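Look at the two complexes coming up: subunit A is in both, with subunit B in one and subunit C in the other.
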Partner chain A sequence: MTQMELMGQKPRRIPALLKDPLVWLIVAVIVVGALTSPYFLTPLNLANTMRNTAAIGLLSLGMTSVLLTGRIDLSVAATMVFSVILGVVVTVEIGALLGERWLVRGNQFAGPPLLVIAVTLATGIIVGILNGIGVAYLKVASFIMTLVTLTALRGWNYILTNGHPYYLRGPTFDWIGDSVYFGFPTGFLIFILVLVVLLVFLKGTVMGSRFYAIGGNEVATVYTGIKTNRYVVLAFAISGACSALAGVVLTSRLKSVDAPLGSGYELTAIAIAVIGGVSLAGGIGSPVRTVLAAILFASVLNLFGIWGVSTWYQNLTIGLALILAVGISSVRRRILER
Partner chain B sequence: MTQTTPLLEVRDLSKAFPGVQALDNVSFDLNAGEVHSLIGENGAGKSTLLSCINGLQKPTSGKIYIDGRLAAFNSPVDAIGQRLSMVHQELVLCPNLTVAENIFLGREPKGPGGLKDTARLERDASDLLAQLRVSIDPSGKLGLLSLNEQQIVEICRALAADPKVIVLDEPTASLNDDQVEHLLGIIRDLKKRGLGIVYVSHRLNEVLDISDRITVLRDGQVVATERAEGTDRGQLVSLMVGRERKPGENVYSRRELGEIVLDAQKIGNSHFRDVSFSLRKGEILGIAGLLGCQREAVVRSLFGAQKIDDGKLVVHGKIQNFRSPHDAIDNGIAFMAADRKQEGLVLNMTVADNISLTILDRLTAFGFLKRGSVLEMTRKMIDLLAIKVSAVTQHVSQLSGGNQQKVVIGKWIARKCDIIIAEDPTRGVDVGAKYEIWRAIQSLAEEGRAVILLTTELEEMMTACDRIIVMGRGRITGTFRRDEFSAETIAHRFFV
Partner chain C sequence: MTLSKHAASLRGISRIALIAGVLITGATTAHAADEPVHTVLNGLIGNYAQAARDSMTNESVKELFDKDGFRDYLDAYPVGELAGGFVWEPGMGATFTGPYSDLEIKAPFTDYLPLKEGPVLNPDKTYRIGFVFHGFNHPWLISLADTAAWEAARHPNIDIEVIDAEFDDNRMGQVIDNWVAQQYDGIVLWPAREAPMGPPVDRAIDAGIPVVSLDRRTSSQKISSEVLGNFYANGLQQGLYLKEISDGGNVIFNRKDLGSTADSIRTGAFLEVIGSEPGYEVTGNYHTKSQRTLAFQATADALQAYDDISVVYNTGGEEAMGSLDAIREANRLNSAPGGGKIIILANDDSKEVLKEVASGNVDMVAPYTPLIGDVGIRAVIQHIGAKEGLNEAPPKLIMTPNLPMITAKPMTIEGVKTVTPDNWLYAYGPAAK
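Let's turn to the complex of A and B:
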């Protein structure tokens, strides 16, 4: 990736994409999948793979924006679940105030879904901003800050749900979770939309390029008079928003949300970002390649599922892939520095 | 050239740090179209003066005027706003961004909706680069450029703010001769355009070549401001080092030197090359040099903390290639780091714990620490070095700087190593403690250990050492026996 980025990719974007090993790995997985299973290429399986890609990919995109500034966000999965749960709980409370009748007891939920989604997104952004303030202004190491957030939110999830799941029913959730346009599920289209927005922001705008500057050399960026703290908060806010959106996409598909949902997804998100070439030291990475890595990851896990490999081995694979990706990227950095 | 109001004027600037007067009533001025150099030994106050001019530090007293107007900088951004740009000694650039992005970082041209206007950015950058007559691709990644080119980008960045005053802090420290010539050409161009340039460098030839006036700093004071014409290296060097000797520090006594214990034969790595010297039992060898002369790299390679790529290192008659400090310690080499708090001591442990840290294996029985032996050895060491402690169980963090340093020395005496590398052992300690530390190092040599000494103060080195090697830009530029010591002749070799 560095080779390509260093040569400047503007004039030949499509050929450059074809040279990307990630693209070839995805092709390889599809070929192997098609050869080993009659189900792999069915529209249903492809749609499911894309839905899985969407949720985990959204987390990875948020992670990418934070990693670019040289920080890390461990709270993405906890924020994802917390945002949805808080969305449901707040909607229930407001409904009760308005004297409307809500089907929430028995853990059935049927409030106005748009309100749930709005509260969910706001919650994600606020959690992100709080993380960002802690990291940028209070100078808490991002690893510690977001680990604390992770732990606290996981606990709060249980308090809010009392340990039982909420069931999300209704046409809006069905639309996000189930409908398919030209073979693409709605969740996946939302994911691609977020990618486009983030791509324009990071690569196209002056503000977005500051993320790269901060990750490249924070001291140099401060010396030029840029208020780096604001950008760090913004990066975490983007991560929070992506997490909340991932929560909406995931729970709409599952039609329910409960406290332990998605534990460990933060590591998967880091793994995907790093496999996509985002540097843990900051300053290097592209959201496009994060998305490619997310597609690759989800396809491999889907294939494992078809083959009947147990989740234990799947987790082992995630761990090994992460170690490998981090190892390769740090070796590559040392070679580049020489 | 106008002689009306100077572009930059520093009047009676003082800056005090706890225990140190870094700047003492420094006055300095700079006219348009002039290069005014600042020189001085390490610790003379150059960096502090630059930090004050640039707004990184606040002076204790004194005023800075720009164009005759009083300026108060709280940060480098304020300084840039007043059209004063600084080119830092170590490059502060983003290697992952393009050349153009680096040059205009913080003041990029914005298109509609905050979109990047890459085309204009690169056009503006080419204009600036062309002004300096260099061919650097503005769309290339900065990290792929050579150090010299990065330095030029850094200067372009300073120029992008359209400054009246440019401060260049050691811009040639990492450049070779051709590159220096190129850079000096650029500076002459800037001068012709009427900019005022403050130039800081250790390389006197360059300074004499480029400057209109030269100000010499010593111990935080301006010693002299001379016109460059009509002055020469000899005069500058004697102004820099001064002549008076400090009394009461002479602890030197002649010793019999023994056999060669360490012999470096043309060793080198990416930081230094062709370094050869030998060290005898009971000898104190000083390595002198200014910032960037790479003597730190040489001693770290002797200690196995850096790799030696070329040449041979013979320790106790055997060719060695240390792969880690652990190997070096096993061969009797000790390293007392300058930064004792970071590298030398465990501050929140007791005096006894620290002294016994390097020899724990000799103080244990069946894996348990023999408390009695530890305390006994610590008491011996405290007596020997006259360390002032309230109890052996006192925490090292509560000791004064001088006593902390003595604990570090005690640690290595206890270790019974026979080659000791001491880096700035008197940094940040008061005069009385300095004397005792020199005394302790002397007694190490008297016991037959060999000592390699690095200090920032040449005077101190001259009182303590049997022999001094001078380094400049990664190679040895001179060797002096004790009877040949003279601050001026040694300092001359700094600039070769």
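Let's turn to the complex of A and C:
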């Protein structure tokens, strides 16, 4: 196998994609689902599955960008919720400065939704940049840095909301959360759009290739004169942006945001990225396979739900799949290094 | 109906109860012994709510009451009469073994919205009902699921699926969406938080599936029925008891999640009762997330920080046990000013808490029974029947009977006759060791 393949940069063609076991696993789930339940392939169920893929898939894409550099971001789920909460709070404050009351009785948000979304995305990016600065320039281990961020943001969420939810209703949130085009929910289309952008960036630009280089061998990358720190910050900023977008998609579906939302989702995001073949050691992985893993993950959970499988067994299955994926990744890396 | 209209209608109900309460309370002292405890407590709720609206003279209590916005929650929480003129009396209910816990259960409200054992509605049809809640690892919640599964099992043409969403609101929403896609006949849920469960419930209702919530509420305006607990009576009775046996003191609070219905209504009602009593001071205020370990830690910290704690208010039973453990470990049970015992106020009538009440360690517990899952199942079956034109639909608001507080010795406080642990048949959870 070539170094390009090791870096995950082998050009993908459709036939190559069809050789991917994840694709065949998804096909297998669809076939089993169709054979065992008359509801599995209904448009509503497929739309539900795609919606369930979107938010967690966006978190996984952000996680992929960080894992590629050999770091980890445990703050993705906390950032997801914090970004939306701060988006609402800041927008309401802007409204107050303009003499408008954008938070009405019952904590209903009544201001401009696009402003909330803009502030939300900016917040996610800023949180990511701060994480990146801490990791890259202050040399704090990414595990510690993002764990601290996770804890702080969870606490801050309660401070900002005082434990109360913010209700996000209106046409814009309905459009993001509920609308469907040709069978595809808007949230899922946003997820695919992010995949395309990330794919172009990682596979089609020099900056993107640096992520693989840093994750593959950071010391060597530094010796080639590449300023690795700025790429690490960029990876965390991408993760923050994906988290914020996941927050927009998720809260538009739930029509509300409150502090405890999404607890533990960071572990699911890591699991999906790793099941998709992203190496925890960095340097290996593809956002396409992360997306396939997210679809597989949501499809399996959906099928389990239809079968009435207890959540305990669902969690057990996810755990076993993760162990298997990490094991395969580890073995594969050792083989490639020989 | 908009949210504000919905809130207004609920406030309307509260006001009706309030007026009724004021009228009733005028005669409470004279007639309390003759009136059902539900009516007596509703009268007191109305009375103290009005008094708190008029003024709250204890600045320390008022500051907490205002800071956490309890007024909004309390005004929106319905207080009213029982469906179908049901009158609950101590001793009522069926005894059975919980399908999940394997514990013997006496469920108090099995005669409420009654359904005969055997096939229901169209006997030739099997009805699929989804029951989603959080927490197979929590004694209160297992008991809730026990009663729901028991009721479903009484009817051979009811097929129930029970799912634990593990305190993930998004996952609960996904489960409901999944059942909508599978065209279930009815859904019963225990929502941890109100806001995120409204949209999935609305989608189910739009798909023609009746939905009933248990205990806590959702933000849905369309929901078929809400089986509501007696949070208001819980907090009220904690306040009544405290007022009865003490003249004041420093109080620390072990509370549930900020914004949860259980915390907002219980703590709000408690503060309404003591809000104009001059002697009480809010010394510590902690949110311990219904977890015994966190309540232990918070109480241990408070005991370190203050040597003059008189009262520990707990929003739930787990918190009460955690605080009691901390007080015992610090050997401070009798360290209230003047050498008195620290008063421990609890909610949730688990067998473990009742044992401590009987021993005199916990001073009182306001019962909040989880044994209401059966009411939710019967309500949703009746909604399915109404949809098929087979029976009348149950009311949207299904209040569960207010239950009297439990104290070590029988007392009568403002017309409320307390029950002793030995005489309380409905305790849940494993037997205390």
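Observations on the model:
Going forward, the second predicted complex is superposed on the first by the 322 of 338 C-alpha atoms of A that agree within 3 Å, B and C clash if a C-alpha of one lies under 4 Å from a C-alpha of the other, contacts with A are read in each partner's own complex, and residues count from 1 in each chain.
Here, contacts are C-beta pairs under 8 Å (C-beta built on N, C-alpha and C of every residue); 3 or more make two chains touch, one makes a residue touch a chain.
These numbers come from a predicted model, not from an experiment.
When the shared chain is aligned, subunit C comes close enough to touch A:Arg253, but subunit B does not. Legend: residue contacts after superposition of the two complexes on their common chain; A:Ile284 is shown touching subunit B, with no touch to subunit C.
The larger set of touched subunit A residues comes from C, when the choice is between subunit B and subunit C. By the touch criterion defined above, A:Ile226 reaches subunit B but does not reach subunit C.
Applying the stated contact rule after C-alpha superposition, one finds that A:Arg332 touches neither subunit B nor subunit C. Of the two partner chains placed by superposition, only subunit B is touched by A:Asn217; subunit C is not. In the superposition on chain A, contact is made by A:Ser209 with subunit B only, not with subunit C. Those residues of subunit A whose C-beta lies close enough to touch subunit C in the complex are 37, 39, 42, 44-45, 48, 51-52, 55, 105-106, 108, 158, 161-165, 167, 177, 250, 253-264, 301-302, 305-306, 308, 310-312, 315.
Considering their complex, residues 75-77, 80, 88, 92-97, 101-102, 105-108, 110, 113-116, 139-141, 143-144, 157 of subunit B touch subunit A. If you check the complex, the residues on subunit A that touch subunit B are 5-6, 8, 204-207, 209, 212-213, 215-217, 219-221, 223-226, 283-284, 336. Touching subunit A in their complex are the following residues of subunit C: 3-4, 7, 68-69, 72, 136, 161, 163-171, 173-175, 177-178, 180-183, 193-196, 198-199, 219, 257-260, 287.
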